[in-house]
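By written order: A, B, C, D, E, F and G. Residues from 1 in each chain.
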Amino acid sequence: MEYIYAALLLHNAGKEITEENVTAVLNAAGVAVDDARVKALVAALEDVNIEEAISKAAVAPVAAAPAAA
Amino acid sequence: MALYTHHLPRWKKEEVEAIKRGIEEHALVGVVDMYGIPASQVQQIRRNLRGTATVKMARNTLIEHALNELGGSVAALNDYAEGQSALIFTNENPFKLFKQLEKTKTKMAAKPGETAPEDIVVPKGPTSFKPGPIVGELQQVGIPAVIEGGKVKIREEKTVVKKGETINKKIADALLKLGIKPMDVGLVLQAAYYRGTIFTPDLLSIDEEAYANNIALAAQQAFNLSVNAVIPTSITIGAIIGKAVQEARNVGVEASIYEKDIVDLIIGRAQREMLAVALAAQSHGFELDEATL
Amino acid sequence: MEYIYAALLLHNAGKEITEENVTAVLNAAGVAVDDARVKALVAALEDVNIEEAISKAAVAPVAAAPAAA
Amino acid sequence: MEYIYAALLLHNAGKEITEENVTAVLNAAGVAVDDARVKALVAALEDVNIEEAISKAAVAPVAAAPAAA
Amino acid sequence: MEYIYAALLLHNAGKEITEENVTAVLNAAGVAVDDARVKALVAALEDVNIEEAISKAAVAPVAAAPAAA
Amino acid sequence: MEYIYAALLLHNAGKEITEENVTAVLNAAGVAVDDARVKALVAALEDVNIEEAISKAAVAPVAAAPAAA
Amino acid sequence: MEYIYAALLLHNAGKEITEENVTAVLNAAGVAVDDARVKALVAALEDVNIEEAISKAAVAPVAAAPAAA
């Protein structure tokens, strides 16, 4: 999940999710970066509305927390 | 053959012959108990059974004569011909006959001394009675009757006789007045002889719900087998595809395979994890910014 | 999803999920193979117990969304 | 599930799901192909809208999850 | 589903699920038997623990759909 | 359950569930047929809506699972 | 939430969640780092079992679905 965390971190920071930026973040975290995965990630995210994907997910955990407990 | 009937008067002989013909001409002969069935209802039952079964009333002694003359395994029906018996002839199978007879049962008023076939419940609500001694009569047997708006009313639902208990005269009278008919009255099949075998009611009563449940279970099992063993049928192919897609998505998300079709799911998962950790951090003193929640 | 299907096909067939095998399957299906995606796929699956991952319902939030609507 | 994955792979790749194509994909994965199963699969798929089945799959796991527990 | 029921019937009766047996059952039910489907059925069931497969709740998207509506 | 499977096989094949048909199917499966059970089955199913019972199964896989256990 | 993502990224990468590491990751993502918040985060997470929190998140959506309905 490191790659997606890096992407979301960039997204939240208002930065573009480019191969370069993702790689920089991962490097800073000491991750041995696999270029192919970075490429795949950036390509996959190209047409995705990240805000929408986030808001869909956001509904769940709050409601779930007590149920899961 | 005429061993038993040679001494009988002509009308009895004819009666015995008629019984024997009925038995010989039908696949099934049953012994039914006619006890307590008013003549008017017997007519109704005959009408309901028309085309499928014939009821033949005869004295037990004559039935016995006929069965004994026929001999063989059918004579065993003698053991069930007691009281006010009649014979029933049909070509249906005994299970179907049993069901048909169950359906001809009707509700009747209870007579004192009869046993409640199920809980007898007096429903809540208004009655047609005007205030009078009826209120006391009802109250006496435990029915919560009250006067309201110039009418007698039952204040709340009340079970007056439990299943299996005897119905006494006072309750029988009260039920009659209230128009409650708790008794199932109809032909009760004591035994049926069908192609060499005697069937008794304990064998013949069918729990249709159990059959329906088993059908549902079997259908579920077939569905499960088809999907789990990946044997596509027109009914299950959609579910099989769904399962395969689901599995692929699960693997994709679990392994963080960044493919367009599932990257939103991976984002969702990351987001949920972040929120879970954020909430845990918050409960340990980390103040969350507004954007987080 | 072609890449994931190819990987699962190999897994189900008891074959190893290597770049070579994935590429062969994709080729047979007439897919123009992107080497980086294959690499990313193989790398991602390296440490994953596929059997376990298959049965984990990771996909839930999408399902929850319509129910919540 | 090999046969199904092969079919889904073809579908996703925009290829027709024919006996020939399914067989080719399975062969590439090193699967000993059973012609009868391929035939049965292709026949069964004729009656189904694959896109619809795929989109329904997203809805399913919630219902299934408790049963799996 | 006739083929599945035939297999289940044989399984319950303690008989082997062979092409011959399945065909006999289907014939008795007046089904015009498709040899390929029988072969596919028998092949698919070869390594399957039927008891387990019938009791494991399969995902039923049809069932889930109305719930989502 | 053999009797039920036989009935469902006939139902799915579009055949009538008669004593004769059920017996033929069971015989073909090598089941020693109990006439009384066949009769009871046929009589019982006369008043059971099989389609309805089947569709209940589809809606309630969760319920079915424990029953099968 | 950048701070949390940074922490998760470190956690996933098997790195310690220290002020230094978190700051490095955030810097790499171009985030203007607030030292006090980093301190607070690191202190708070000291007592948090991140694996456990994450696994709850994974379980949640399934549970949430009925609640959301």
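Methods note: contacts are C-beta pairs under 8 Å (C-beta built on N, C-alpha and C of every residue); 3 or more make two chains touch, one makes a residue touch a chain.
For clarity, every value in this text was computed on a predicted model and none was experimentally measured.
*Asks:* Would you mind checking the shortest number of contact hops between chain A and chain D?
*Replies:* The fewest touching-chain steps linking chain A to chain D number 2.
*Asks:* Identify which chain pair among A-C, D-E or C-D reproduces the interface of E-F, meaning that over half of its contact pairs, matched by residue number, are the same.
*Replies:* Within A-C, D-E or C-D, the interface duplicating E-F belongs to C-D.
*Asks:* As a quick test, compute the distance in whole Å between the mean CA positions of chain A and chain B.
*Replies:* Spacing between the chain centres: roughly 60 Å.
*Asks:* What is the distance, in whole Å, between the centres of chain D and chain F, each centre taken as the mean of its C-alpha atoms?
*Replies:* Result: the chain centres lie 30 Å from each other.
*Asks:* Quick one: report the Å distance separating chain A from chain G, using the average Cα coordinate of each chain.
*Replies:* Averaging C-alpha atoms per chain gives centres 13 Å apart.
*Asks:* Could you work out how far the Cα centre of chain C sits from that of chain E, in whole Å?
*Replies:* So the centre of chain C lies 29 Å away from the centre of chain E.
*Asks:* Send over the residues of chain A in touch with two or more other chains.
*Replies:* Answer for chain A, listing residues that touch two or more other chains: 1, 5, 8, 12, 37, 40-41, 43, 56-57, 59-61, 65.
*Asks:* Which parts of chain B, given as residue numbers and ranges, touch two or more other chains?
*Replies:* As it turns out, chain B has residues touching two or more other chains at 218, 221-224, 230-231, 233, 238-239, 242-249, 256-259, 264-265, 268-270, 272-276, 279, 291.
*Asks:* Of all residues in chain D, which touch chain B in the complex?
*Replies:* Chain D residues touching chain B: 1, 3-5, 7-8, 40-41, 44-45, 47-48, 50, 52-54, 56-58, 60-61.
*Asks:* Which residues of chain B touch chain G in their complex?
*Replies:* For this pair, the touching residues of chain B are 268-270, 272-282, 284-289, 291-292.
*Asks:* Taking the touch rule as given, give the residues of chain C at its contact with chain D in the complex, in rising order.
*Replies:* Chain C reaches chain D through residues 1-2, 5-6, 8-10, 12-13, 15, 21, 24-31, 55, 57, 59-60, 62-64, 66-67.
*Asks:* What residues of chain A sit close enough to touch chain C in their complex?
*Replies:* Per the touch definition, chain A meets chain C at residues 34-37, 39-41, 43, 56-57, 59-60.
*Asks:* What part of chain B is in contact with chain F in the complex they form?
*Replies:* 93-96, 98-99, 195, 197, 199, 203-204, 206-208, 211-224
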